[in-house]
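Take a look at the structures listed below.
Next come two complexes, and both contain chain A; in the first it sits with chain B, in the second with chain C.
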Partner chain A sequence: MYVSREPILQVKNLKTYFYTEDGVIKAVDGVSFELYKGETLGIVGESGSGKSVTSLTIMRLLDEKAKIESGEILFKGKDLLKISEEEMRKIRGNDIAMIFQEPMVALNPVYTIGDQIMEAIILHQKVKESEARKIAIDLLRKVGIPEPEKRVDQYPHQLSGGMRQRAMIAMALSCRPQILIADEPTTALDVTIQAQILELMKELQREYGMALIMITHDMGVIAETADRVAVMYAGRVVEYGTVDEIFKNPKHPYTYALLSSIPRLDVEDQELKSIPGTVPDPLNFPSGCRFHPRCEFAREECKNLDPKLFEVSPSHYTACPFYGVLENVGVK
Partner chain B sequence: MRVETKRTLKRFFRNPSAIIGVSILVFFTLVAIFAAYIAPPVSPMDPSRKIHDPYTMPKITWKQEPIPPTKRKDAEIAFVAKGLEKYVRKIPEDKLRPLAKSIIEGLNYEGKIEVYAKVSRTKTKIKSYLKDHLDQLKEAGFANAENLINSFFENDLVLAAKRSLEMLPEFSKYIDNLESEIEKFRKADCIKVVKYGFSKLEYGYAMKVVKDFTGVKGNILDWMIDKKLINRKPIRCVDYHLFGMIDGRDIFYGVIWGTRTAFRIGLIVTIISTIIGLIIGSIAGYYGGWVDEVLMRITDVFLSLPFLVAAIVITTILGTGLDKVMVAMIIFGWMGTARLIRGNILQVKEEQYILAAKALGVKDFFIIMRHVIPNTIFPVVIQASMRMGSLVITAAALSFLGLGAPTGYADWGSLLNYSRDWILGAQGEVFKYWFALTYPGIAMVLFVLAWNLLGDALRDTFDPRLKG
Partner chain C sequence: MTAYIIRRLLILPLILLGVTFIIFGMMQLLGSDKLLAAYVNPNVFDKLTDEELEALKDKYGLNDPLIVRYGKWLNGVLHGDLGWSVVGKTYVSEALMQRIPYTAELALYAIFPVIGVGIWLGIVAAVNHDKFIDHAIRIFAVIGWSFPDFVFGLFILMIFYSFLGWLPPGNFSNWVEDAIKSSNFHYITHILSLDALLNGRFDIFWDVIRHLIGPIITISWLWWAYLLRITRSSMLEVLNKEYIRTARAKGLDEKVVINKHAKRNALIPVTTVGGAMVINLFAGTVIVEVIFNRVGLGSFVAQAATQLDYAAIMGGALFYSTILVVGNLIIDILYAAIDPRIRLG
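On to the complex of A and B.
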C-alpha cells in the first residue's frame, strides 16, 4: 500500500558506533527503514536499544565519540551523511525538526519561550523581530496554549510540563518542517496530558502534512499514533510493519514479549508478564540473534543467525526466521 | 528598555540585600570620587597647613608665616639635605663628621621644616644652631665657616651646601655628583627620580618632594598619608583629625583615600583574574580531552600552593609594593573562576536545550553566545562580586605582613598595620586606642559586606533558576 509513494526519508544499513575506553559500543548496528510523506513511523524498543541514537544520527547531532561506520540517510534523495555541516545546519529545524523527551530541560531557562521560538523563526525565515513575535504567538495559540500573548513573555519555569512540551512543539513547528522527530515526547508527562499532546501532534501532522517519527518505549503511544512501526532491540530493527500487523500478528518473539507485557484491564487476576533477563551489555552483544538469551522460543541455530530481515508480507518484515512458532501461540 | 529588563531591575531593587549593598557601594564610590574634597591632600611644604597636636605641643599656638618660602626652594633644600646625608654616611668616622652632620641637620631644619615647626619656623634657629657649632667647625679647620653661615642668611642653601663641601677636601669629589644629581632631578620625570634618587628615602616623603619640585598635578601623591608627627602613638585629636592619628598620620585621610585603593585593588585584580580564569576554564571545558587535562592539572598546581607563602615568594622576587601584591593576587586568584566556568560549561554542554537549539539549526557561535554563556556566566559574576570584597581583606593581610602598600600609602590594611602595637590599648585602659583600629576596620567590613550583599542579590535576581 505504500509502494506507490516515494519515501521522504530512507535509512539504509545505518551503523553508529561509540568508541569508548572499554570497547566499541554498537549502539545502532545496521538499521534500515523508510519514512513516507505524511505518515507516522513509530520506533519502539526498550531503553538502550538505539532509538535515540538513530534519531540523533539522522540529525547528525552526535558528539565526537560517536562514529557513523556505514549507511546512508537519504532525505529527498540527498545523503545527509555526506553533505557539509553548513548544509546540514540549514536542514535542521527547517526541513527536519526534533522534539525532546524532557520539556523541563529542553528549553533554555534563561530565555522566555517567546525568545526561543523567535530564535528559530528569525534564523530560518529571515523576518523582523516584531513579525517573528506575531508568528510565535500564533504558533503558541495553535499548540493550545491559553493566553499566548502573556505566555510568550514567560520563562520555562513558569509553565507546567504539558505547557512546556507544547512550547517545544511550537518551536519545532516554527519553520513548518517536513519531518518531525519526536523522541519520547510524552514520557515525562502525566497520562492525561500525554493523550492531549498526542492528539495535538496528530492534528498538527494532518494540518502541516508532516512525516513524523515517533520514538517511544510505550506500546500504547505507538498504537495510538503510528501508521507503521519499527521494533528495535539491541541496535537492530527486529520487526518492521504496519501498526495492525505488528499488534495483531507479531512475527518476532521480542515484539510478542513486548505486547504480552502490557498490563490489561479486561483480564482479572492477570499476572504481569515481564521479559526475563535484561537488555544485553552493549559492549558485548550476544552472537547471532541478539534476543536469543531472553527468547522463550530460542533454538541452537539462533546463536549463529545472520542479521537480516525476512519478508512476511510486502509491508511486514521480521528478523526471526522461525516466526512460524508464534502463530501457534497467538497474542494474548 | 524592554519590559523584562524593567522587571528584572525592579526585582533587583526590591531585594533588601541589594538595597543595602548598593547603597554602601554608592557611598564608597562617592567617597572615592570626592576624596580630594572630603580629605584634601596637603603638601608637606604648605606652611598654611594646621598642625596641632595636643599631646606633643599642648600650649604652643603658632602664627602663620607672612612670607612662606617658595615650595620649589624648600623641595630643593630637602633634596640637597637628603642627598648630602647619603654622602655623609660614606665619610669615615673622624673629626669631619660632626661638621657634615651639623650642616645636614641645618639643612634638614629647612627642608623638613614642618616637623620642627613647633620649635621654630625661622632661620634664626638655624643661624643660632650653626653659631653654636661655629667653634666646632673652626676647630675642624673650616676657615670659611662664617661664609657658610652667611650663605644661609642669603637664603641660598644650595650654595651653602656647596661651600660646605668645598671646605672639605674629601667632599669635593662629590660636588660634581651632587650637581649632576640635582640636574637630573630637575629634568627627569618623577617616577625615574623616585627610583633613582630616593630609593633609600621614605617613599611618601620623596614623592611629595617630587610633586612639589616638578609641579606635576594629579594623584601621584594623594594616596600617601602625610606623616605629620614623629610620634607613632595613636593620638586622639578630634578637632583637626576627625578619626585621630596613628604613626603621625591622619586616620581620616587614610580611610578616605584608602577607599580608592580598595576599589583599585578589587576591580583590577578581580577583572584580570576573572578574565584569565574565564579563558582557561572555558578552553578546558569546551575542548575537553587532553587540553582540559593539562589546564586543570596546572590549575591544581596553583591551587595547591598556600596563597600567603606564594605571595611572599612573589614579592621576594618582584619586590614589595601594592602593584606586586596585585600581581601575586592575580597569579593566584584565577583558579576558582577557571574551575567554576569549566564545571558549568561541562554541565551546560550536556543540557538538552543545547541539543534542542542545535536541532533547530542554530549556529555554533550563537549557541555559545546565547545558550552556553548566559547559563554559565552568572555564577562567575556572582563569584567575582563576592571576591571583590575578600580581595581587599587579602590585600590588607599582605599589607599587615608588610608585603603590600609602601609605608605611608593610604590603605586600610596599612592603617591596621600601624595600630598593631596598640591593639591591646594602654595599661588599664583597654579601649584607649580604639579609634586606631575601629575606623579602618569599619570601612573594610562595610566594603566586604557590600560586595557580598551585592553578589547575593545578583544571584537572587539574575539566576533564572531561582526565579519564580
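On to the complex of A and C.
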C-alpha cells in the first residue's frame, strides 16, 4: 500500500496530567509520534499506559481534571492545542473522527441510528435533512448493515453489538474524515465479529484514503492492521517503528516481553511468558526507565535513564539504550 | 403502546375497587357506634338508649355484613351518591366538587414553577459541576431540604402579608366572592382564574393569582430541593456516559450535547419523582392549605379524617386513588415517549 511521507498529524512531546485529590497522574508524559497520510499507526499498550488519554487529548475531549501540560499536536501544520474550542469543533467529526470501544454504550439509547449519523452530516456538510438521510442510508449499506432503509430508523438497542459498531463506523465516516482514531474498536466484540470489523475498517480506509490510529492492547490487531506502531508503557512511547521491524526485531524489553506473551502459530513448543510484576501506580511511577522494575534485563543505570528515543534504524526507535541485549535472545 | 394504555385503563376500575374496599373495610374497625354518628344529629346521639341505637343501626344497615354494606356504598357511588359529609355539612360529592377546582387551580399554576424550575436548577448545577453556581445551588438545596415547609410558609405569610401586605391568605378577596356570585359571572371551566379571564375580569384574575403566589413559593421551596438533587445527580451520571463523548466527538456544540443528548436521558429517573409530585399537587397539599387558609381538598380530607367523617373519607379515597392511577398511567406513557427501550421493548 502506498504510504505518503507527508505527516498529517504530528504529536510532539505531549504531556497530559490529571490532578486528583491523591496527587498528579502523569497519564501521558512526553509522547511524540507522526501519522502519515493514508497509513495506519497502531498504538499498543496495557490499560493505563496512556493510549486512550493520548487519543482523547488529540480530540481535546478530556474532562476537567485533565490538564495538557505541554506539547504540540500539529494537524496539517496547525497546533490543535492552540486553536479555539469553536475551531476545534469544526475539526471534530469532520476532519478527525473517533470510534470507541463499547458500541453498547457509545450510542445514545434514545435516538435512532439514523438521527445520530445525520447529526454530524447536517452539522458539517450543511445539507438538508432529506439529503443527510440518503447519505446515512448509503453509509449504513457501505458498512455492511442489511436493510439500511429499515435500520436507519431503529434504535441502538434493536441492533446487535457488531451492528452497532458498524453503525458507529458509519457515523465516524459520515463526513469523510482525514484521520480516524479507533480506540479499541473490537475489544468488546465476539472474535468472529472482530475480524469482520477490522477487515471493514481496512477496506474503508483504502477507499477513503484516511489515516488511521488504531489503539489497542492486542498485538494481534496491530499485526493485522497497522503499518507502524508506537508501543506505550506508563505514559511514554518506549518503542516506535514499522510493524515489520518491531515484530521481527523488538528493541525494547517491554515490546519483547509483550510479543513473547502472545501465542504464535509459527513457533513450535512456544513457551508463553508473562511479564512479572504489575503495571506501575500512575501516581508514583518508578524513576528512570519506568519499565525497569519489571525488566528481566534491567541494570543499575536504568533507574536514572532519560526518557528519550534512540534510533535503531531510520524507521525504528527505542527508549532502551541497552537494546543490544535483545540481539541474542530473539523472540521466542 | 395503544394496547398497553387500553389495558391500563381497563385495570383502573379494578384498582379503584380494591383500594376502596380496603379503606371501607378498615373504616368498619371503628365499630358501628362511631359509624352511626355519621347519620345522627350529635346533640341527640348521647341521649339515645341502647335499644334506640340498635334500631338506628338496623335502619342504616350498620348490622349488615361488610360485603353488603360495601355493595350499598358502591351502588351509591355508581349513582353519584357518595353520602353525607358531617364536616362539609353537605353531600360528599358536593363538598368534593366545591374544593377540587381550587386544588386543581393551585396544581396547574404550581406545575411549571415547582417541576420546571426544580429540574432546570438541577441541570444548571450539573452542567456547572463543582463551579460556584453548583455550590450555590447545592447550599440552597440543603437549606431548603432542612427547612420545614410549615415554618417557611409562615415566614412567607409574615413577610409578604403581615409586613408588606402583598400576598394575602385565602383563595381570593372578599369583593371577589360577591363578584363571582353575581349573575353576570359565568362559570365555564370552574377554575376561577380561567373563568375570570373568559369573563374578561382581569381584576379577579389578578386577585386569584396574588393568592396563589405564597402557596406556590412554599411548595417550591421544599420540592425544588428534592427535585434538583435528583436531576443534578442523574444529569451528572449521564454527562459521564460514553455516548456524550461520542456526541462531542462529532463536533456538536456543547449546548446541543446537553439539550439534546444529555437532558432526555437524564430526565428518565426525574419523571418518576416529578410525576409523583404532580400527583401530590392534584391530591391537595394539607399544610399549605392550612397555613394560607385556603379552601382545598387536602384540608377537607384531613379534617374529615380527624372527625371520622367516614363518607367524606371514602369520597376522598376514591378521588385520590383515581388521581394516583391516572397519574401513574401518564407517567408510564411519558416514560415510553422519552425512552424507546420501553416503548419498543
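What we mean here is this: the second predicted complex is superposed on the first by the 319 of 332 C-alpha atoms of A that agree within 3 Å, B and C clash if a C-alpha of one lies under 4 Å from a C-alpha of the other, contacts with A are read in each partner's own complex, and residues count from 1 in each chain.
Throughout what follows, a contact is a pair of C-beta atoms (placed from the backbone, for glycine too) under 8 Å apart; a residue touches a chain by one contact, two chains touch by 3 or more.
It should be emphasised that the depicted structure is a prediction, and the values quoted were computed from it without experimental measurement.
Annotation: superposed three-chain arrangement on chain A; chain B versus chain C shows a clash. Judged by the touch definition given at the top, the superposed model places A:V105 against both chain B and chain C. In the superposition on chain A, contact of A:V53 is made with neither chain B nor chain C.
Of the two partner chains, neither chain B nor chain C is touched by A:M219.
With both structures placed on the common chain, the touch criterion links A:M171 to chain B and to chain C. Of the two partner chains placed by superposition, A:I122 touches none, neither chain B nor chain C.
Of the two partner chains placed by superposition, chain B and chain C are both touched by A:H157.
Looking at the shared chain after the overlay, A:L61 reaches both chain B and chain C. Once the two complexes are overlaid on the shared chain, A:G93 sits against chain B and chain C alike. Aligning on the C-alpha atoms of chain A brings chain B into conflict with chain C at a single listed stretch, 6-14, out of 6-14, 60-68, 132-140 or 150-158. When both complexes are aligned on chain A by C-alpha atoms, chain A residues 59, 61, 89-94, 97-98, 100, 102, 105-112, 119-120, 123-124, 155, 157-158, 168, 171 touch chain B in the first and chain C in the second.
Per the touch definition, chain A reaches chain C in the complex via residues 59, 61, 64, 89-94, 97-98, 100, 102, 105-112, 116, 119-120, 123-124, 155, 157-158, 168, 171. Residue ranges of chain B in contact with chain A, taken from their complex: 3-4, 351-353, 355-363, 370-371, 374-375, 464-465, 467-468.
Residues of chain C touching chain A in their complex: 129-130, 241-243, 245-253, 260-261, 264-265, 338-341, 344.
Residues of chain A touching chain B in their complex: 59, 61, 89-94, 97-98, 100-102, 105-112, 119-120, 123-124, 153, 155, 157-158, 168, 171-172, 174.
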